[in-house]
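The next block holds one structure in the form of structure tokens; read it before the comments.
Letters are used for the chains, namely A, B, C and D, taken in the order the chains are written, and counting of residues starts over at 1 for each.
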């Protein structure tokens, strides 16, 4: 269920993670209740009821949430530490700040900007950064700041990455690579300090790396796909958030696949962004739990 | 998640339904916990957090469940009656008894028998009843009793329905119409006393009534579908459990649609049966909540 | 396969329709060959090889097509009239002129404008007409003229329709209703003289008329859809060009369905527009053949 | 469009392959026409209209086809050799003979046997061979001979393969590996002399080799799939005939994926078998053209 940010005043999202054990659901529910919260939705998952990892996402309504948050957080700290659980409490009326990095392709970028303007994504977009300038006017039409950071020549990208990091620093809660065609260095990943979501134009782990549509054509597959994932040090190996495919035939050229795939890419990326913005995606090792 | 019946010893499924109100989740979770249950999965839904209907399905593990059930039921009665909630507690290791009513078509029938033999459906099949005899040998090959109840001539089906009711009485927990081509009377529905699931060969509410594939061909639709639903007094108007579709083209004849649709029908029906057998489907007015 | 208009110089599309009979395929292929055409693609369909209706779409490359077209047309006239066939020969490098009628909703409109800018649709867009003004700026950003024709109060829409007809007259090859929320009169349909494509926000024939998402929610369906069709005198009864669906659950509200459905609508409409623009869609009674 | 074999008397399928060139479509159509054939369907594809490979499948009706075939074949030889084309003419009323190799899993095997009995597959099934005996009774219930050829211990499978080859020799037109869990040697492939179709339980090229569902679980994919392909010397690298996927979540275990995947496997394999039996699949290097 998606809601506009405005309707989410006094709504909190609580994420709990830790070792599965008897009574933890009751404890969390009791905690919400004694803090005058009314549970709106509750999802949970355990990798193994006997000694596995437990994950929970609880959305609750609590009048005057902002004033009460410190108190609820204290209670969470006291209660859940005895269970060895970690937790995160989010005021759902505060949209996450999302930066978009793009290159020449506009399909994923524009789709996110449209959906944002329609109120479909629970985010603000403080900036779009691109190593090209062709999308600048479109971005600014949406009232979003555009910054041009040209790609550095050669394999060392440290200067251009440093400039991007300066722009992002303190201003964003997560970064989306909307068909950003530059490899991100591990150094960048460490310094950026917020989650980075990428859209890969294949059904991972098939066709890892460059030129996936060309590879798909060469292999003669009957479906092509796209994968949204968190970026980690290993290229195209990060935790998968969402995937989808579309049927193709022998008659379609590699450029047909590219055009058909663009529709899948923007759909998959927009779902991944929405779910991340709503704290529905929990990372666990190289996996995601998507509630 | 599907599990074989054998692995579900000491697993209970609790269904709760009633007016949504603060604290009810905590109350149920505490109840499970104080009865030494460890929650395996928990799903809930509220039609409206303010004054809506609340539905919950909790699966929990409890050593020596059978011995403890009366005690847990007492606790449920005491606890939930104060909230005005109704509830149902199910021992998940006891498979539901499913009767299948069929006619000449074997695709839905055989698919259920196969899946049952593979251990995919959490049911036993005490009998198959048909108004034809062509499937008798197949059914008995699966070790399932087959009864032939010929259709009564004319509009009055009371005698053949009475014979079916005598066979079912006390022996089944639900009935599946696996392309059973006889209209069920309201009188039968009242007397059978257990849920009846039907598979309709169209994407309801499109093409209600007889000959949906012919109607689909005439209308020139680009997708055809199937719908599994609970049978109610209103033909093809009962609560929908599951639906799916498949893409077709102008080049396919009505009999092609029938053949293509048969695959959708058996897939949709098998999902509906599995979910019903696992108490995942809750009826609410003319809707279903499927956890 | 989609191609940009530029790459389609010297490409012709020939549509043939008439009574099926032996030798017609050979005759058409020979005709193309003796006019120095090289067949790129060929699709055909017969409602019945014995006395049915025959439909064919042939794309061929012919150097200096424009100069040769009168000659080819003469040959077609001579050759196919003996078979009782009708035909249409199209220079594929000439894009069709598409007018878009819209209301407040922008998702279908913007998707068409954006695909057009990317070169995905083989059309020009001489104008967008809306009974609202909220989309004016967006439309003009794409370099497309915007005309505001307010809806006439009351049931008689003849004046506003007349104004729309004046704008369209002579300027367009087909009209797309991109969630245009006004009922089109039969008088308008007769006078406009070009095909009109509509996107209906349900899986027709389910939920005909107004409020389909509300009706879908009330009926409790598990899939929602959209249908692109040619507009005829009978509301929502015209020949279906394309349909698609998306899975929904009990937890989604009518407004969730609306948001989810918007993605299906724009995808379905864009496919229908592309196929129409490429002369892939042939109307036959209340059906379409889509090659 | 599928037709029963019986309705295909006097129907021929002509497959043509060679260098694309102007006039070839006309030539083939004229040839069919002058041999008194009435074209029922015609599909064609060219990898490149300028100097590419041309593929065509023509189905035509010709009274007294059997008597006329030698004459038509002579005409084909004379006509198409001048174009440098190869061709194949098939009497569609003669079903292809399909052997099935299976192991313990029965889902793909039973689905093929059942579809065959319903008349959905244009084949006869002269034998099922398995390295296990658990499916013997089921196979014989369908009236199909069952042969048990135990797997040879150790890496050398030459003796058991030789026994299988003796059973197949002269008796079959193609072989289907319906979840046959033995690696086929290159020597076997050379000697068998007919196409061999395999169903791989992943969306190739993802998760090549053993244990694909386990690998899919480990990688955390959101869709799992199956691939039907022709078997070549390179394991899991042969030309893909058909693929499909189904959506899964974090909550599903590797054995859930296996159960869910089984439905995709049998659906994908049955489509591949049907299309192969109808001569719809043309191999071209490591690709397939599927008409």
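Keep this in mind: a contact is a pair of C-beta atoms (placed from the backbone, for glycine too) under 8 Å apart; a residue touches a chain by one contact, two chains touch by 3 or more.
As the structure is a prediction and not an experimental result, all values here were calculated from the model.
Shared contact partners of chain A and chain D, listed by label: B, C. Comparing the centres of all chains, each the average of its CA atoms, the largest separation from chain C belongs to B. Centroid to centroid, with C-alpha atoms defining each point, chain B and chain C lie 42 Å apart. Averaged C-alpha coordinates give centres for chain C and chain D that are 37 Å from one another. Within chain D, the positions touching two or more other chains are listed as 45, 251.
Residues 21-23, 25-26, 28-30, 32-33, 36-46, 49, 61 of chain A are the ones touching chain B in the complex. Interface residues of chain D facing chain A in the complex, by the touch rule stated above, are 45, 203-207, 219-223, 225, 239-245, 249-251, 286-290. Across the complex, chain D meets chain B through its residues 1-2, 106-107, 110, 114, 118, 120, 138, 141, 251-253, 256, 259, 263, 267.
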